[in-house]
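First subunit A sits with subunit B, and in the next complex the same chain sits with subunit C.
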Partner chain A sequence: MRKLRLVGTLGSILVLALSVSACGKSTKVGGTVTVLFGTAPDSLDPGMAYTTQALEPDQTAYIPMTTYAHVAGVEGGKLIPGLATALPTISADGKTYTMTMRPGLVFSNGRPVKASNFTYGIERALKIPWGGSSFITANIVGAEAYASGKAKTISGITANDATGQITIKLIAPYGAFDNVLAFPSFAPVPKGTPFKNEPTNPPPGVGPYKITRIVPNVSYQVVRNPYWAKEAIPGIPSGSVDRVIAKISSNTTANALSVLGNSADVFDFADTIPPSILSQVPSRASGRYEKVIKNSTYYFFLNTKTKPFSSELARQAVIVGLDRNAIARLGSGFFTPACYLLPPGIVGHPTSPCPYGDPTKPDLAKAKALVKQSGMAGTPVTVWGEMRSPRRQFVDYYTSFLNQIGFKATEKIIADATYFPTIGNLKLNPQTGFADWNEDFPNPIDFYGILIAGDAILPTNNQNFSQVNDPVINAKVNMLGSLYKVPTSSLKSVESQWQALDEYNAKKAYTAVYGYASFPKLTSNRLDFNAATLHTVFGWDWLTFKLK
Partner chain B sequence: MRRFVVRRLAAAVGVLFVISVLTFLIFQTIPNGDPALRIGGRLATAQEIAQIRHEWGFDRPIYVQYFRTMEKIFNGTVVSYTQGVNVLDQIRHGLPATLSLAVGAGFIWLMLGILFGVITAIKAGRFADRALTVLAFIGVSSPPFFLGALVIYYLGYKAGVVPLGGYVPLGQDPAQWFSHLIAPWLVLSVLFIGIYSRVLRSTLLDTLGEDYVRTARAKGISERRVLARHVLRNSLIPIISLWGLDFAQIIGGGAILTESVFSLHGVGQFAAESIGRLDLPPILVVTMLTAFAVVLLSAVVDILYAVLDPRIRLSG
Partner chain C sequence: MAIDSGTKATGTEFSSEIPVELLGESGKLAAGAGPYRLAWRRLRRNRAALAFGGLFLLILLLCLLAPVYAHDIAHTGPDDNHITETVKVGGKVRDVVNAIGLPIGPTWHSRFFLGADSNGRDVAVRLLYGGRNSLEVGTVATLITMVLATIIGVLAGYSRGLVDGLLTRALDVIWAYPVVILGVALGAILAVSGIDLGIVKVRGSSLMVPAVVIGIVYVPYVAKPIRGQVLGLREREFIDAARVQGQSSLRIMFSELLPNVGSTVIVFVPLMLANAVLLEAGLSYLGAGVQPPNPSWGTMISDGISSIPAAIHLVLVPGIMLVLAVLSINVFGDGVRDALDPRAKIRIGR
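Let's turn to the complex of A and B:
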């Protein structure tokens, strides 16, 4: 009888297993996924990591106090609590943020996490210094004094290890500060971690995975963090695969072919699929390839402080005549022609038509007429550009276009590594050239506060290349402007104001926006393509990888 | 012999010093090449840039920066500006791949270069000469990035005969090591086979007309022996010289394109990536490695000269 019951039980299990597998939608837990990158991360140490190639693995191993929903599309820009029990509470004056560290957290080395580890992580990022340190030094009381060595602690941060409470005092209200807390670079790290970049031995963190077996510029692995099981943070997946192997190979053609041929699983979205094989990708990778728009805007800056683009009519001529379809073709189709600075995934992206007509229908005759009308015809223009493809080709086209409409344009192409420091040097006063912006976080202030606000004009590392200093815009987005202060959680309430501002900016033709970049989402047959998310902030969200 | 070695070592030190100073100075003159700006990134404030300058010593006089960098190179602590990784560790990691590439390709191009050179010389004007001459020109005109891309697509992706790139250490799996290197070896060799066969053909034809060759033939020595002992041996001198320099250049990271196309992660690829980032320390170390390899191998070549032609004396 017992034997029969056992046979019956085994039979039931078998039937259940077969019926589950027959659904065809089941995905297995475990296994290894291989990701191919064309470019090495700047560093896997969160205290130094700034590029997308570094952010992807870091967001699996260094969960910050706040983070983003692990979902695709615009919803992925929604802030959720990370290591904090809830999103920070903000004082009425917008200058004090309070949050509490979740109790019982453990680093990947087994040591307990305390509230003061958050302070330590911030201090370390400032001392290294991390590429986005200015988000802290410009906002937290005492942070700049600490970074410059004038103070031994950051006076604006207090952390209570007993209660887990963390209080942060800001110099002035900064609505996007919640987003700043979501950088993995500001995640807690154990005390005693050296205040220097540790590219081959990054510090322990809190996350579903940990980074290991790092061979710089060659490969590294992300494996399960054995202590993560104790955590259970709502909204943060624990990840399905046991291991992600990241390989760096500068030949992106070979990388794309490897993923097409299923010998690797994920193609880095930040790499370009070479035009030579792009045409065969949609058919060969049917069901595992698509283009995904992320929050990045590409434009030509138009220096408003010097001829010829000090003339609004001359700027309008560029906007009116620019053939955005041609640029999209040069970008192998990975561009959506556009005219507004804020991309569709950012609150405040206008829905109204472009002020100077359909961006896909250039009007060369009108552009020529506007140049004549501006009195700037024949003005010599130096067009600045980077060497790398297709940016170089964008600038080639743009230069010939400027000549077509009546300017005397010549190119100045310089090495990629020195491009932005060069055009960001205010003394150079560049007239026009290539520019782009990839969001640091999904908040319109990340675009306007850095690229357009008058107080963003800096002597070095200037990002307001057009040198826009418009009182209408400044009143909203300068450090004390009304929109600058709006907390991330309330952005929707001021959406129409942002839209109006972006429309105003487009109307004034301060930047010749030509498109929003889209990126290739390409995986192998082994990976569950629908589950794998090309996230608006993280890039590839490794926590969503599942093998079929 | 001792004098020769001492003189070559002194020359090596001199060359390394001059090369390092020149490389260092070139980086100081690049417009907006301030490494602090690149380390800081696009959003770094003036205060952060000043902080980086101070911590990395970029605010010190140039000669101090130079000597500090050289000190770090020689005590093994020099790190890359942009990634913070130890440069010598990177070179150590990349050297086996580069050496594997250089030794295999060097052997192939030397052997096939000599074979094709001899065939074209002894069959001068005939079909074999013309066919191999055309092939040589095709080889010389085919840049490794183009040929490599074709090989990867057709032999790697389509036929699945070779891997799509990467390097497997010899000690880890000899078969995989070989299969990952066969395509890079051939791609890198094609260019050199073309050059070497043309050079050898020319010198062989010159040598074949020499009096001592006619004398050897008049003595009744077999044609094969004349060719091997009298003609080829003398004609190999420029080939050995060329091979030494080319081999040294590849060991020093000269196969940038081949290493990059096949993602071998050797010294050349490291150099190429560092140049893209304008990262001085790796470029400085790789440049010095190349210079050292060239000096060392040209000394070896000089010794081989003496072996090939006893009239040449090392002290001469």
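Let's turn to the complex of A and C:
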């Protein structure tokens, strides 16, 4: 019996030792991961950050009151409490949101977090102003007055530092407000942080990591936040690696080759793998490469406020004649030709045929006829575009196409980092150009509320590039957006209404949608490919990176 | 006699013997031969310079004939996209751009002779049009540089004092910035805003924008040597004589000084042309020069960079053209310089 016990004990030790050693072989804690970006972030300051390149690191360092489950697939769109103790409670009229800040939180500089830091963060984002400011001004009571300088604080937000309770009053019910609260721009920042964009010195935040060593347009790092260990927020991983180095290089070919050759670890999903090496990727990166579909729409905006696209016929001509197959080839086959603004993964994506015919069968002759009919033939058009490939090539094709159908088009290509702020300046009044939208959250209001609704037209950082201000759309968006009794999880109940709206939008030809993108998930063989999540909202979820 | 006595010559290239090329067929000094005629004689005997001059003329001719090639041989324009089209090569039908975006390589036929780029545009057509654009920008930039630099150099050198001080400091400010950085900064701004001087308006996408940018950034590099030369010339007797005759400063500058700096200006022309073509390629590569979809050798190299692993011809073809063009201008320019420098000892094989 004793002998048996000894054997049993020895056996247990052996099993334990084997399992520990097996664990050590599969993944390890710590280490450094290198992520390669083709484009610099617009800003790492959460008060300004709005591009995917900025939101990826910011999600690790600026956890907002609500956030998303750190899992792959559609489940990643599920809201979970972030710095709030629970998801907000909503009043019966849908206009008051109440939540409580977790107690004992500290910023990455060691200072305690108070409920009023939440208000400060929002006020700061509004003054900078953040690209999604319309989410604040259009929804929160007193935000517009604060933004315009007529009020000293946002009257609709009250924060009690003693209890941690935060109350937000909305102008009207807004069903996706929980999602809005999940932007890193809504994360608390310390009081006294300047009300200006701080791209090289972003403020302290609450998160597993903090951002450091920023060399603009070149590199930055995220390293462990020493104060995070105390927080332990359920559902939010603390991150496995000690450090993530982000390097920015516009040479996406070199970036992809570096990851293929394992000298870097992660290829940014928002970059396209150049066709010249795409054919070798499946064989060289077996088990560490796949195409992932995320909710995104790629389109050319058509400024409805200025010639020639103030004419509906001229806009129709673009939609009828655009060769989406050609664009799909330029995009290395990562694009699915389409015509509707809402991508298939978003509730409200229409199932009906495109209003102007099969998007894979362009009708150049009809497009030319429509341009003639519109009386806009020969109108000079400036096409705006970004430098990076393949977006530059999209615009090259589009310009050539516009000339083919009777316009007099020339291009204006500007640096990637300044592209959207530039075309988002209303004074510039750009006629047409490249645009895309990756979901901020899985809700059709994220597309319509920002890209198409009339009240989303802003003097700077405007995202409604087509300057659509259609009363029918505005009314419908307000109505559907305000369905507070329809949270994201129950959007299906109003699906037909969103579908009808998207069909109407397509028929009015406000944007020349050409495709939905899939994205490359490519890592080095040092990284645990299955653990690393290409998240539906975050993009690459850096908190899931693990080294083998 | 228009031949410098050589008394001011310095350096090891000085030769006190009468160069053989100045002698006529009989071996005697050609009577009445002006300095430019003599320079032409020297140049004619520099075969390397002539060969490369001929090469440059050939490139120029080919580029000027770009519309003919595009219309009658390739049957496509430089900006026409053929992404989803097919072409028959060796009896097989092939995609101009395949499903994952790889363009076809050289077909050695009239269509897509040198292949296509990622937008399905004919590389040969774009190469010739790109050459036109590169050379046009280079030529206009050189003209701007030479005119401005000559005016500033002569004015500063002859006036001295406050005018010289102001102009020289202004040149120093431009000179203080590296050419490429200054070019990129100016080019990037002007490519977006264009040039608006009230009467003169130039769109950001116009070829004139990089031409003006390049023309301006090189002004100090020519103006300073000219100013130095004028500073020396203004103390010479023939200028004193002109002053004594009551000639105005303007007249002295134009009728006395300008002809005397003419050879310097001519020597600088090919040098600046080569530099301007190179800078245009550099700026276009960086997105601050010729604006797309206009082709230039620089933009073509830039477009082809991402395709190097599978379609290296997209970079090689414009790169080789650029090297040949710049090399031919430089070697020819050296020949012109040697020919115009009466103190130069030229090796001539008889």
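Annotations for the structure displayed:
As a convention for this text, the second predicted complex is superposed on the first by the 330 of 548 C-alpha atoms of A that agree within 3 Å, B and C clash if a C-alpha of one lies under 4 Å from a C-alpha of the other, contacts with A are read in each partner's own complex, and residues count from 1 in each chain.
Keep this in mind: contacts are C-beta pairs under 8 Å (C-beta built on N, C-alpha and C of every residue); 3 or more make two chains touch, one makes a residue touch a chain.
Keep in mind that this is a model prediction, so the values were computed, not measured.
Using the contact criterion defined above for the overlaid structures, shared-chain residue A:351 touches neither subunit B nor subunit C, since it reaches no partner. In the superposition on chain A, contact is made by A:133 with subunit B only, not with subunit C. By the touch criterion stated above, A:330 is placed in contact with subunit C alone, subunit B being left untouched.
In the overlay built on the shared chain, the residue A:217 is in contact with subunit B alone; subunit C does not reach it. In the superposed model, A:401 lies in contact with subunit C only, and not with subunit B.
When the two structures are aligned on the shared chain, A:251 is found in touch with subunit B and with subunit C.
Judged by the number of subunit A residues each one touches, B leads among subunit B and subunit C.
Of the two partner chains placed around the shared chain by superposition, subunit B and subunit C are both touched by A:415.
Subunit A residues 251, 253, 257, 276-277, 414-415, 422 lie at the interface with subunit B in one structure and with subunit C in the other. Per the touch definition, subunit C reaches subunit A in the complex via residues 79-81, 83-84, 97-102, 118-120, 188, 191-192, 203-205, 287, 291-293, 305-311.
Listed in rising order, the residues of subunit A touching subunit B in the complex are 40, 42-43, 45, 48, 50, 129, 131-135, 137-138, 144, 147-148, 196-200, 215-218, 247-251, 253-254, 257-258, 260-261, 263, 276-277, 414-418, 420-422, 424-425, 440, 450, 458-461, 463.
Note for the complex: subunit B touches subunit A at residues 30-34, 37-38, 40-49, 51-52, 82-86, 89-90, 93, 149, 152-153, 156-157, 160, 164-166, 260-263, 265, 269-270, 272-273, 276-278. The residues of subunit A lying in touch with subunit C in their complex are 251-253, 257, 274-279, 323, 325-326, 329-333, 382, 387, 389-390, 392-393, 395-397, 399-401, 403, 410-415, 422.
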